[in-house]
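Okay, here's the structure, questions in a sec.
Think of it as A, B, C, D, E and F in the order they're written, each chain with its own count starting at 1.
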Amino acid sequence: MSKKVVTFGEIMMRLTPPANKRFIQADKFNIIYGGGEANVAISTANYGLDSYFVTKLPENPLGQAALNEVRRFGVKTDFVARGGIRLGKYFCETGASQRSSNVIYDRAHSAIAEASSSDFNWNEIFADADWFHVTGITPALSDNMADITIEAVNKASEHGVKVSCDLNYRAKLWSREKANQVMSEVMQYVDVCIANEEDAEMTFNIKSGSNIEKGELNIEGYRDVAQQLIDKFDCELVGSHLRESYNASVNGWLVVLFDGEKFVQSEKYRVYIVDRVGGGDSFAGALIYSQLTGKSLQETAEFGAAASALKQSIPGDFNHMTLSEVEEVAGGPGSGRVKR
Amino acid sequence: MSKKVVTFGEIMMRLTPPANKRFIQADKFNIIYGGGEANVAISTANYGLDSYFVTKLPENPLGQAALNEVRRFGVKTDFVARGGIRLGKYFCETGASQRSSNVIYDRAHSAIAEASSSDFNWNEIFADADWFHVTGITPALSDNMADITIEAVNKASEHGVKVSCDLNYRAKLWSREKANQVMSEVMQYVDVCIANEEDAEMTFNIKSGSNIEKGELNIEGYRDVAQQLIDKFDCELVGSHLRESYNASVNGWLVVLFDGEKFVQSEKYRVYIVDRVGGGDSFAGALIYSQLTGKSLQETAEFGAAASALKQSIPGDFNHMTLSEVEEVAGGPGSGRVKR
Amino acid sequence: MSKKVVTFGEIMMRLTPPANKRFIQADKFNIIYGGGEANVAISTANYGLDSYFVTKLPENPLGQAALNEVRRFGVKTDFVARGGIRLGKYFCETGASQRSSNVIYDRAHSAIAEASSSDFNWNEIFADADWFHVTGITPALSDNMADITIEAVNKASEHGVKVSCDLNYRAKLWSREKANQVMSEVMQYVDVCIANEEDAEMTFNIKSGSNIEKGELNIEGYRDVAQQLIDKFDCELVGSHLRESYNASVNGWLVVLFDGEKFVQSEKYRVYIVDRVGGGDSFAGALIYSQLTGKSLQETAEFGAAASALKQSIPGDFNHMTLSEVEEVAGGPGSGRVKR
Amino acid sequence: MSKKVVTFGEIMMRLTPPANKRFIQADKFNIIYGGGEANVAISTANYGLDSYFVTKLPENPLGQAALNEVRRFGVKTDFVARGGIRLGKYFCETGASQRSSNVIYDRAHSAIAEASSSDFNWNEIFADADWFHVTGITPALSDNMADITIEAVNKASEHGVKVSCDLNYRAKLWSREKANQVMSEVMQYVDVCIANEEDAEMTFNIKSGSNIEKGELNIEGYRDVAQQLIDKFDCELVGSHLRESYNASVNGWLVVLFDGEKFVQSEKYRVYIVDRVGGGDSFAGALIYSQLTGKSLQETAEFGAAASALKQSIPGDFNHMTLSEVEEVAGGPGSGRVKR
Amino acid sequence: MSKKVVTFGEIMMRLTPPANKRFIQADKFNIIYGGGEANVAISTANYGLDSYFVTKLPENPLGQAALNEVRRFGVKTDFVARGGIRLGKYFCETGASQRSSNVIYDRAHSAIAEASSSDFNWNEIFADADWFHVTGITPALSDNMADITIEAVNKASEHGVKVSCDLNYRAKLWSREKANQVMSEVMQYVDVCIANEEDAEMTFNIKSGSNIEKGELNIEGYRDVAQQLIDKFDCELVGSHLRESYNASVNGWLVVLFDGEKFVQSEKYRVYIVDRVGGGDSFAGALIYSQLTGKSLQETAEFGAAASALKQSIPGDFNHMTLSEVEEVAGGPGSGRVKR
Amino acid sequence: MSKKVVTFGEIMMRLTPPANKRFIQADKFNIIYGGGEANVAISTANYGLDSYFVTKLPENPLGQAALNEVRRFGVKTDFVARGGIRLGKYFCETGASQRSSNVIYDRAHSAIAEASSSDFNWNEIFADADWFHVTGITPALSDNMADITIEAVNKASEHGVKVSCDLNYRAKLWSREKANQVMSEVMQYVDVCIANEEDAEMTFNIKSGSNIEKGELNIEGYRDVAQQLIDKFDCELVGSHLRESYNASVNGWLVVLFDGEKFVQSEKYRVYIVDRVGGGDSFAGALIYSQLTGKSLQETAEFGAAASALKQSIPGDFNHMTLSEVEEVAGGPGSGRVKR
């Protein structure tokens, strides 16, 4: 029987102008549903794990559409609470060349941000679960969500469920001080930590030494960051994806992992970006799958790097790659030949 | 020099699934900007009047896009305040046949709903103005907007500006009690009142005798409603559009006017609906134009009926008909022959 | 706990040129998934019943997409067999005015047509089931599907599951002789029979007396047909929807039911057609829901007529109407007023 | 071997905003190629006749695209001259309900308008031809086109080719005086004349007695017009389609024919309009086919009415109906039932 | 008079999700018609040769649409047989970055796969023909197509028609053993052989020494392959295009030719891929044109490389480049400056 | 109060097939409005300057749509003359990889080309103006436009308005001789000259030494060209953007400026092109803004290079970048990281 993975967080409606248009030009939006933890659940479902996404959604057609999109791709929604006023939304303009992507959040007062502890029965949710994943976005949504997240990781721990957390610092949601305080508590229960780009610095003031603005990477610096995270929170594994941002159309992309002893680095991919949103979540999903199925550290890095590079060739947040499709690329050059 | 018309209210982003899709099926939204008073300003600008729309919009690309759309069609935006958190939005599913259109509001905390009195300099705004139009939606947005609306009509009155108000009762925004209380104050300053369908009943408990659910019209009942409104608020003119809702695809449509003495009725049109939103506002805009240019009561009714029937053949809120195009149809059968 | 409904049949990919284009003009197809029994399961899921769709789908992305679409809208797919060569497809050109819709089947050798008895474990499927629905299309797909269908209704009967069957005669799939022979066996186990238009005549040589080509309806003739079906197969209920085909854009639509004693007739709707495919299945789904929840015969007819008229205002095969939305229209005129 | 039909005139690029948008709202145009005589050639090719379209097109990709579109649907383009500066274009906004369709011509200086006599070798073109069709638009394009048209009908006559002409008066192209003078010469060689709506009145001051603005038809008046045309120009057959323009969405449509003795009238269709452009040309094409294949006068009227009603359910100028599809509707009610 | 080229094979409907979507996300397909030999005929027609495409297509609108698309672009269809059950189809997902394009064939039982020898009158077809082109796909369709292909090349040879063959090995259609056996017979009549990538290895076990998975090219290895093909089958010319697959978005592309004495190599292009399907066929078409018009070996390589690089910048299978457009790029760097 | 900028020239409707399609494949056009001087006015309006665009447009919906598009983005249209026959149009096919973009002009007889001197009241237009911008396209439109342009720059000079001119040589509009003669007169009044690529050579026979076909740049050669322009016409500043055309998808892009003493060069960007049209105009607009707000020469170059590189990532002619967005990139690498 396949392993059971639970993820918990917000799923939003993303509204994006088609064909590289700016907001100011748009007369249509593509509707995309996504959110860090939902994206991870899609990935693990695609690889064959028994995947549950836990959230709260309003009882209206927009909330229903978000739930349907997750269910459509095989994620189980049995523990989704319903109620609240509105679905969180954000507007995202897709960058190109020297022009950055631009995000306008419209997520205040969302159903999940205003959820209460009684919306989620963690004992029921974690029964027979093998893995629990959450990101730093979830506790940043509101004070009660900070409490509920801490309750969740605590409960997961009690049930012997492995806990992973992607720090995912969001400056528009909370201050560095607040993040440091809440995430320090959350991290008490975290076994596997994902810390990308400046997340460790923004959240815990742990610096990687890379200058992300310049697109230069200090790969060795990441080992250092990982070591500090392990020292501080006693995690068993720290992972990071590294993006060399040449411009908004083409990026370098690789993955590093550190388990306190070994530091491994994946193949580096030159990614021609279709949609970069969800790249990091794809790495998280791939990492969870790899760890639950006994891949080695190097294999985990390769699987994670391939999965997350591939995601960026697909429109939308979700990583619609099957297990065999990712494995075919993992560790290789990703030459993209036609299959026929 | 052309007459100056000022309208005041909210403009929202309307998100509508294309091609009769339900929300639950949509993967694209058409983006439409509109709102009662903005729609009226577009109409009067199209007929050649000097038209100003007053509102408050956030300082972000979505607020800018709303402002641009109004400016694009010749409405002046000199008095638009900028600031606040978000642009009001609503989701609208277009009905067909027996299926009603469905609206989900997402307008709480919009820039205009949270505007303050200091955002609008009414003395400057009403200098040289000839007409001021507002609807019952604007004071319903929030308590401060109720106050600001009363301030606005009061100031307009002081400046000798003619004031029109479309009652436009919205049950999702306020209670009948609140509406009655606020609108009774607003109506002290109103010269021309538009009261459609059940608006007079919902706002002031004045009944028309029509059963709108049945699609049957009691035209004479409207004279009675108008008489009561005139008696109560001393208006000089009351207008109503009458919709015979056979189903969501085909409606009957006509207009009645009462000036306290004469009661006139327009040609009735069988409207094959492309987009019914903004039909009532087109009537208001046409009425303002007609009154400012000295049309007779019957001519006003015919111009108003033609304008508002024609609007419903156009996608979006705005009535993109020119003066001559409306006049060509007004009073006639609307046979829709090709011009070439 | 909600009642459990099982349906069994083929789901196909429907490819339709957008915007009234003919095949010969098309450079895009809209992709729609649907099939009689899948459509029924969607309806009953929308009304809150525990709904299972049983079929066989190929192990490729097209088969997966069909499964996903059903799952997306809340139908359970636990008993869907996987394997076979291809997904059945059909091309459908949407008619308008005097031009009929046109269907080109491309469904030969589909996974389900080549399914074998071992693909379906009926004992497991019917455990705790309350209702089983199938149509005359399923046994028409192939000789083995005829056998499997007979096995299924037989098993359902053994498990005390109520069985409904929509005759749905398809001349392109089998001859009248073959249909008569197989369906006569199937009908031994059927409790509720749906026989629309010429189905009873084509399948069992039972005539309704209506001339469907003329668009004239002989409503009383339907009582006669129903009586004959009851006499011959001992059903407890016979239902029919009646379409007055004025042209391909506007139809009259009503529903009749006969339980051997009472003959009831629903409100008649003037339907402005968006997509007529799935109209009959919506009637079947509504009938099953009505019977499982104890509606009276007249209520069943009204609920069924409203549900199936409403379906035709929605693009695609599936009836995306909620229980409350259908109930709001049922028995009334369907005036299609906006909800806001 | 099938009969050879030749038509001669302009084919233009039509640019139309999608989905009922007005020009002022459009950010996309659908590209449609069409023109009276090209449309007729498409119809006769669809019915199986050997059809040639003669025109002049510029040697650039737009001219090529127009030629390709005609060739795509089986019309032969062997005699199309190439050269000149530009392809004629027009912008057409599709009306709905009370809003008329609106046409903006941008056809001045087109390749065909500036063609010279040497561009067309009529002896070669008419070798073995059975029928030649032209409309009143072709000679209206320019003075040299008036001369070339007269040369063409004259030559056709010399070769014993039957000549048909659709008067098709266009006020934007020439005056009534000029039309009268040129068309009087053209009519010397015309065997079959098509005169719709006000064409006979505008061109030759022959009145039908119908008030087309009112949408009322005086069918008997058409016999009178036909009699006058026969008296004046000695034609053997006069045909007219009659449009009852209730509004831009729904029309009544029928056809009358007069051969100097018998006056016949077709079934009348209630047409729900998808695209009305090309309706008249479809009647002409159907008439030519009917006459070349020996249909009776009544059969010709029914075939012509069905063909041209059906055209209006198809987007674009061309009538993509096959012979058997038209025959299935001809003389019947056009109930639009699905074929499957 | 221009030279006559005949090509023979299958044309399929290709269904492709727009905008880089995966099958699982698609709700629309772009419809593209193409197939190796049809693509070649389009190329030679574009360069001004008299081009015939021979195939068999079903007598339904889908078969007609495929025929129309070929005819639209100037290819003659006089020898297309009609009949059979279905048009061959395939679904193609466009790759990007590290994600490969993915093809699902749905071509079994197509009209051409089930064609019989009597469908094609080769004596008539090859009268006055100068060149005949076929690929290894055509005989792979079915046993009878293997026989018919051998008959065709034999007949072409008898008529003194030059024969070219693109080996085009398709693992999904036949085994290497079967391919070797049939193609060895076909090659008896082939004058010009195109062998790309692994085709020679898969079909005849002749290895190029390149590792296509790595994207590394062993250009000299191709001379060796060509020499072996010439030795074995006595061809006069062997050509190959070489693709350096950096990833699915950017490829290196060049062409080599060997005539038994000289080995030439073209300019290498860095291709930013819009649609790679049909690239190889564009090379074949350009080679045929070059050889029929007396270009030198080096000129042939440059023309072929430019033509096939340019094709990959155009959506669809067909290479819509004119002679002068290709010649402008041939031999140069392809800097892509605007023409205005 | 912000500075007032006036630009004068033609705005055209650009019709572009979507998604890299060639004209010959297109069945839709995207509608884009643009023209050199209109584009510049959009840029300066976006940066907060008081911007007026002067032109002549026909009194029809297409002329209105062009005016609306300019007004929508904050450019003032008070001095736009109305009248004339037609709006200028051009068709533009977007290149990719080795395939160049292709332009077909259809602008003859446009309203502005046939404008007369009395259409523009320069004294009124230049009252309080700070800057006037025109390009070499405007005088090339017709002889009267050459006269009017000379009148305009002369008048601007009289009013003490700074004058800039982008040479913008268009071979399809006039000969080198005519250009030399007219532009020599225009340049008498020009303070700031923009001369890109071969403009100086084509207009005044001043060579840069770069071989643009090869994509190689001789940056020092540009200093030489600038020196010659200053020597000849006594300008105070000469600017050029330099495009390294690797192919139609990826370009190198930088900017150089020379003020007679200092020669500065900007950061070079690797531009992944979305729409290259308007790149040069964005440089001009940025240069005007920089000079009017006192930026240094180096800052001007960086702001200009960033603005014009960013433009090429946006569909359409207009540069929808705000002041702060350009400044964020100016002088830096343009790494295109997401903002959230």
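Here is the rule we go by: contacts are C-beta pairs under 8 Å (C-beta built on N, C-alpha and C of every residue); 3 or more make two chains touch, one makes a residue touch a chain.
This one's a predicted model, so the numbers in the text were calculated from it and none came from an experiment.
More than half of the residue-numbered contact pairs at B-C reappear in one of the options C-E, A-F or D-F, namely A-F. Rounded to whole angstrom units, the spacing between the C-alpha centres of subunit D and subunit E is 42.
The geometric centre of subunit B is 44 Å away from that of subunit D, both derived from CA atoms. Among all residues of subunit C, those that touch two or more other chains are 18-19, 22, 24, 27, 68, 73, 102. Chains touching one another form the pairs A-B, A-C, A-E, A-F, B-C, B-D, B-F, C-D, C-E, D-E, D-F, E-F.
The touching residues of subunit E, counted against subunit A in their complex, run 19-22, 24-25, 95-103, 105, 170, 172, 212-215, 245-250, 276.
Subunit E meets subunit C in the complex at residues 15, 18, 22-24, 26-31, 60-62, 64-65, 68, 85-86, 89, 91, 93, 102, 104, 106, 108-109. Per the touch definition, subunit C reaches subunit A in the complex via residues 68-69, 71-74. Chain contact summary for the complex, subunit A toward subunit E: residues 18-19, 73, 269-274, 306, 309-310, 312-316, 320-321, 325, 329, 332-340.
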